[in-house]
Amino acid sequence: MSEARQSLNRREFFSYLTVAWVAFGAACGGMLSLAFRYSYPNVNFEPEMEFIAGTPDMYEEGVDERYKNGMGVWMVKLEGKLFALSNICTHLGCIPNWLPAELKFKCPCHGSGYYMSGINFEGPAPRPLERYAINLTPEGKIKVDKTKVYRWEKGQWDHPNSYLEV
Amino acid sequence: MKKLEPGMAYDTNKLNKIFAFLSVLFLMITVWVFLDDYIRPWKAVQLEAMQIKKQKLQAKLEEAEKEINKDKLESLKKKMAEAEKVVAERRKEIRKVEKEQTVVQKKLKAETILNGTLNSQVAAYTFKYEQAQLKNKSNKAVIFAKLKENKKLFAESKDRMKEYQFQKKALFKKKEKLQKEVLSIEREIKSMTTTRDLIAKAVEKTKMGPIFALRNSPLIDYLDPTLKIEQIVLDNITDDRYFQHVPRVDRCITCHTFIDQPGYEDQPNPHKTHPNLDLMVGKDSPHPMKSTGCTTCHGGEGHRVNDFTSVAHWPQNEEQKKEWIEKYDWHEPHRIPSPMLKVSQTEASCVKCHQGVEFIPGATVLNEGRRNIEKYGCYGCHKIEGWEHKRMPGPSLQKIASKIDKEFFKNWVWDPKSFNPHAMMPRFFGQSNNSQPKHMVKNVAEVNAMAEFIWDKSKAYKPFMKYTGGDVERGKELTAQVGCMGCHGVQGMEEISDKIGAYAGPYLYGTGSKVDPDWLVSWLKKPDHYQEDTIMPSFRLTDREVNDIAAYLMTLRNKKFEGYRFEEMDKEARDSILMGYLSAFDTEEGARAKLAKMSDRERTLELGYRSVGKYGCYSCHNIDGFEGRAPIGPELTHEGSKPLTQFGFGLQKQVEHTRDGWIKAHLLDPRRWDIGIDKPFKDLTRMPNFYLTEREAETMTVAIIGQVNEKIPLKGVKRLNANEKIVEDGMKVVNKFNCIGCHQIDGYRGDILAKYEDDLNEGPPRLNGEGHRVQLDWFHYFLDNVYPIRPWLKVRMPSYNLTDKERNTIVTMFQYKAEQKALVDRSKVVDWQPGEKEAAWKLWEEMACASCHTAGFNNDDPSAPNLYFARRRLRPSWIKKWLYDPQAILPGTLMPNFWVDGESTSPDILGGDPERQIDALTKLMYDFGTEKLPTKNTNYWSKQ
Amino acid sequence: MRELINWIADPIRSFPIVCVLFYLMMKYYRVVGSKKFLYVALAVIIPTAVWFAADPNFFTILILPDNIPIIILLVLVGYLTWFSLHKAAINDERIEQGLGPVEGTPENREKVWCWPNLVYTELFAIIAATSFLIVWAILFKAPLEEPANPTWAPNPAKAPWYFLGLQEMLVYFDPWMAGVVLPGVVVVGLIAIPYIDTNPKGNGYYTIAERPVAQWGFQFGWLVLWIYLIIVGTFLRGPNWTFYGPFEYWDYHKVVAEYNVNLSEFMWIKWLNTAMPENMFVREILGILLSLAYMIVLPPLTAATKYGKMMIEKVGQMRYYIFVVLLLLMMSLPIKMVLRWLFSLKYIVALPELELNL
Amino acid sequence: MAAKGLADKVRETQVWKSIFRHGPPDNARNRAAVVAGNVFLHLHPIKLKKSGVQLGYTWCMGGLTFFIFLALTVSGVLLMFYYRPTAEYAFNDIIALREHVPLGIMREIHRWGAHAMVITTWLHMFRVFMTGSYKPPREFNWGVGVILLVLTLLLSFTGYLLPWDQLAIWAITVGANMAKATPFLGHGGPGASLAQIGDFVLVSDKNDVRFQLLAGRFVGEPALLRFYILHCVFIPLVVGTLIAVHFWRVRKDGGISAPL
């Protein structure tokens, strides 16, 4: 048996085994990745956290309560900014009322008070109300996304998605 | 054979080769799995939709581009350059402001920290102090002092904060002012281009670039895909899974992408916009997509997305079927309890949510079908839940012997249409399954026996009036004018009858061949004398009028029918049928013995009784001896959910093998299922033939397939609120007495108005907002004491045989329909201001009210209601609304408008203020109006 | 007295005390490990425990069904810690005398039959455990609260008790550290122990003297950073995760003065007396540098010390650095705690823009 | 006498002999045979060092952990007969287990057993550390043990959700929110806000690790089902496998440790 032939054999052996393992590994990897993909469902049955809140010209300066009961959001237009304010008191989670005469939100449970901007100024509330992400769709409609929350004390109210310039 | 290494069973090389081969195969299969999972038909549809959207958006973009004034933009840009120069010159000042801003910023931040610290101190000390108070601790004074101090510091800090904030704002404004030229132009440019920029952004999103490919590539298409299954979860509409009701899920919008978006009406399906967005699916429609979904109305398997057929799409017609087979490889879906409804039958689904109402606005076909069901009285023989309150469709036969003669009866029953082509009574005999002589002879025996039986049961009745002869022409005119045609078609006036299409009463055809003139005059004069619970009202006709109308109706003859002589009963046939009945529970011999015991008359009556039961005559007609018997036909309440396998299609291959196909075929010819099938006489299908038109059958089918057993949760169905419930109850009474045959109620029906197309004012008054117009007590009184209001009308408001409850129901219905309070206190209306009354009279004169409303003011013929009675009848707020714009309430009314566009024709009275003028006139009417209500003896057209 | 204990129990004070006690325990383990000490300790602890339990406020928390396992754990940990110190003390004394550990004596190395010796032992343990479990199950009902309501969160919302140490860490670190990085480090660190600790001594017998570094390091992490924090999280944290003394009523309205300041704010506002820079990395430069120094510069520095050199000689560079890094990560928790208490320091690096707060 | 005679007779039957192939373990040969010939007992060595059977040395915590694992498996399987992991029924079924299902302490046994297993696992680790038993040749087995400890905590954690009460969903919410903060993999973690190409969001609340864990953005019914499967099937299978490895290595690495 000559040297050359032996080495050829070895190479042959090497290549078949390589192909086999590479293919086997790739296939197993593919199958595993499918199992991983399987863990992400294609549809979601969770309640809607986004809604279309009309068009910017629907709003006048001040607090708009039309989405308060359905979606838990006040639409506030203040100093050229339109933002979606959460209606959950930061104290114990009650739902404050908007008092148009006094220009403030007042929580009926423990008396927390907030300015129109959502910043707390009286009562036990520890921090301002939260704002939700607000965007303009290509159709010119306002989209409010309640999954994204912007908090004043975190300095997030400057985030471009936390308000709409109108 | 190659020599192997010791201890080896196989050659390693060979093992490796097999391993390699299998692994590569495995890898290929893995790829296949990926592709199989990834390629789904709806993705192709969504890609197509994206293209369409792109085209639309591009068109929009071009439009938006056009709208931008290019020259203005150009000039603005030029101005911008100049403004920038101007602002640049103020660089130093700006920088100075910016420095100041930094300082304030720092102060603000430092203060915020201090403020926050103090805030938390105050909160903590407050709590500590409260605790100390509670436990009465010795150190509470110390804590209180600290609390006070902190509060003071906090207040000071707060003031400083406000100050800094104010400074910050001021500086910001200062800076803005320094840059104002640039900023204002910037803003202007932005306002011009916003729309375009937004659309451009949207167009960008429809492009299929590398990011699009990445987002939708296999394996990572869970991250944030653009192609995805869209769904609506309907918590208030459920699927019946038999052990449990589960929220319905509709994924139709996965392919029908634009169904709720206007602007895609011109696209082919599935990319089309819903054709009726205002009523259905639209965001502001009463049935928004998110809460109504798709399959709620259309049926089908809304949760499936992967195959056109499995969704249970159903073609509208053969043509579409062919198209679908070619395009989508469509076939009839298997094992699906309720496939999609044909588009033309979608309205059937309204019924499952809109229950307990007589009329569903917008459901044209369905309403027509339900009207036809009412017309032909299907509910008489077939129980349908929600129709229980309806009257028996046919007239009572309890006093029939005094109304018509037996010969007529037999010929009529044999073939109603041969007497009256408009007869609603269906035909039982001479049908495809019982026309053989052996059946005919038995049928003849049955009809004879039924006649004998019914005559035997019939109670005596003697007309209270005698026909004395009358003027036929006048009679005809009266028939046409008085209002008969709101309920009856009339022979000799076919054209107008067809136009009105009345069906509440029989079409008056050949009446002279049918009834006795004495009976007729009695009936016309006082309908409830013959039948206590009749809905036929009295028109308060004089004896002369009654005789005239009767004279006309007696001229309507069907000579041919009169000539018919009904065959005598074949007694053998009679006995043989009877034997069949008797032997059902007895031996042949026993039955024979029983029969033998019966006399000839007894046998006939027995067969009559059995036949009435067999054909279910009692289901539509009151016949003594059949009280409380269940209707003859199967219940239709859940007909639309009956499994297809429970429908017998017989040998009728040409009938479409669907629920609606069967029902329609059945309606058109109920006996067709017997064709070619050998059945004994007693088992022959008995559903009679109504000789329906294609259209009638089609609409009735829609109404019937809507009767499903789906249980929509309470939250999902249209729930009538208290007001709507009262209105619906009222509408049931209104329908029962066919008020809508004459009166149009807020746009609904008013059939007879077809006769007055030329001048609606000649027809029965349209009741638009009637509850607002009239006072309730007046209305209640009026329904029982009808008196003429409009002097020019020839058509008459008849006097109905209403119970007190029915009257109240009608009155409250109108009240709630117009959302009115029960009563307006009449005594508080008149409250004259100084000089107002004189002004009112002056207006009265100027507007010449008395030229039409003459009653009590002059002796001209009145051409408008007597206003002396207005005080009791009309509500002041309605009078005002009416005066202000009569056309708004009753389009086409002859009442003139004196305040066109809020301009008074008498500018010098009461300052020409329409409100004050109308107010004064209203008060005037109340002032001179009488409290008395007209009675039988009142002269309606004089001053009271 | 109760107020004093309430006052002492606050982690600000109790953590240093626990650290000191831990130091004393490990230092004088031979004293602590003596039987006499046990009797004295029991004589003190049992009446104290009874006195504690007699307080209505503490008793309410104590007998929450889900807190029973913690009590069992505490009793077992207390006893077994003493027991292991006791065994170690005996062994270390024997080793000093050149006798070798008890486990190594010939009578203990004798081979015995598995059946019945081991099998029976196991059987007894099983029977005892089963009985114990059944009695436990009969005496205490498994907790069940109101039906799940996603719209209303109870206050405090606590994780299962064995994760309360992690939840307590959330006070000082953001979730990505307290919930992900540190637990990850714990697991990795635990797995790494046998590969770092190359000390051949102390294999198979109780000893402290022969492996002081391993003992001190592990015991600190286990007793102080894990068990102690669980105790704090369970018994001393009430609504809003506010501190409540053991005898304090859980008043929902309790507020503590707390306002924390970032390092960057200290630097720019207080020290440099200027506004915060716009760029976030410039803003946080000090914190970033300090953190990097802690993790990257500190290990080589320690390596240069006497102890460092000694250890590197013993175990090699690689092991040494891994050990130091793990140790530093472990110590980051107490360091952050102390910084918080002393300076009201919120974040060393505050980059909320990237959700990267340290 | 008679009883003994009967016992002997039983021992001589073919049935007995077919099952137990050795005599009473009162001599060396049979003692060895008992352990070697029994599939359950052969995990043990036939003979071992005396210290290995001393409670003072071993505390028996490992053995107890395994036993409690078995007890939990049995009681867990029994609980599954009455428990449905759906939002509608989960809570009511737990009530049922307490109120009307026979052996009303089954859930208590399972729950307290779970806590006990966490405790015994920890103490087992504590003992193993104190005796330095992780040292060579047992390094790998210590690693397996650490993983088993983590899995024990995960088992307990996943089971925590199943009663579907306030305690359950909020404890899991707190726990799952930690996953949210995983660097680069959770949408609230460091670096997540950077993972975005255009408007293609790579890490959001709809695709991060928390979503994978909960099959949703909140603790809802899909999370209940997922936790149920993890708790009842997936993790027990992994734990069972690793326990086998753990025991195998205990034997192969020389049994319970002792001074060298």
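The first chain written gets the first letter, and so on, giving A, B, C and D; residue counts start at 1 in each chain.
We take it that contacts are C-beta pairs under 8 Å (C-beta built on N, C-alpha and C of every residue); 3 or more make two chains touch, one makes a residue touch a chain.
All values derive from a computational prediction rather than experimental measurement.
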item	value
Most central chain, Cα average position	A
Chain whose mean Cα position lies farthest from subunit B	C
Distance from the mean Cα position of subunit C to that of subunit B, given in whole angstrom	70
Separation of mean Cα positions, subunit D and subunit B [Å, integer]	62
Intercentroid distance (Cα basis), subunit D paired with subunit A, Å	37
Where subunit A and subunit B are represented by their mean Cα positions, the distance between them in whole Å	40
Overlap residues in subunit D, where contacts from two or more other chains coincide	206-207, 218, 220
Subunit B residues counted as touching two or more neighbouring chains	123, 205, 222
Of all residues in subunit C, the ones touching two or more other chains	153, 253
Sites on subunit A touched by subunit C in the complex	92-93, 124, 154-156
Residues of subunit C defined as touching subunit D within the complex	66, 68-69, 72-73, 76-77, 80, 83-84, 87-88, 100-101, 103-104, 107-119, 121-122, 125-126, 129-130, 133-134, 136-138, 140-150, 153-154, 157-163, 166-167, 174-176, 178-181, 187, 190-191, 193-195, 197, 199-207, 211, 214, 218, 222, 351, 353-356
Of subunit D, residues touching subunit C in the complex	25, 28, 31, 34-35, 41, 44-57, 59-60, 63-64, 67-68, 71, 87, 91, 94-95, 98, 105, 107-113, 115-116, 118-119, 122-123, 125-127, 129-136, 138-139, 142-143, 146-147, 149-150, 153, 156-157, 160, 163-171, 173-175, 177-183, 186, 188-194, 218-220, 257-260
In the complex with subunit B, residue positions of subunit D that touch it	197-202, 204, 206-207
Complex interface listing, subunit C residues touching subunit B	251, 253-259, 261, 265, 268-270, 273-276, 344
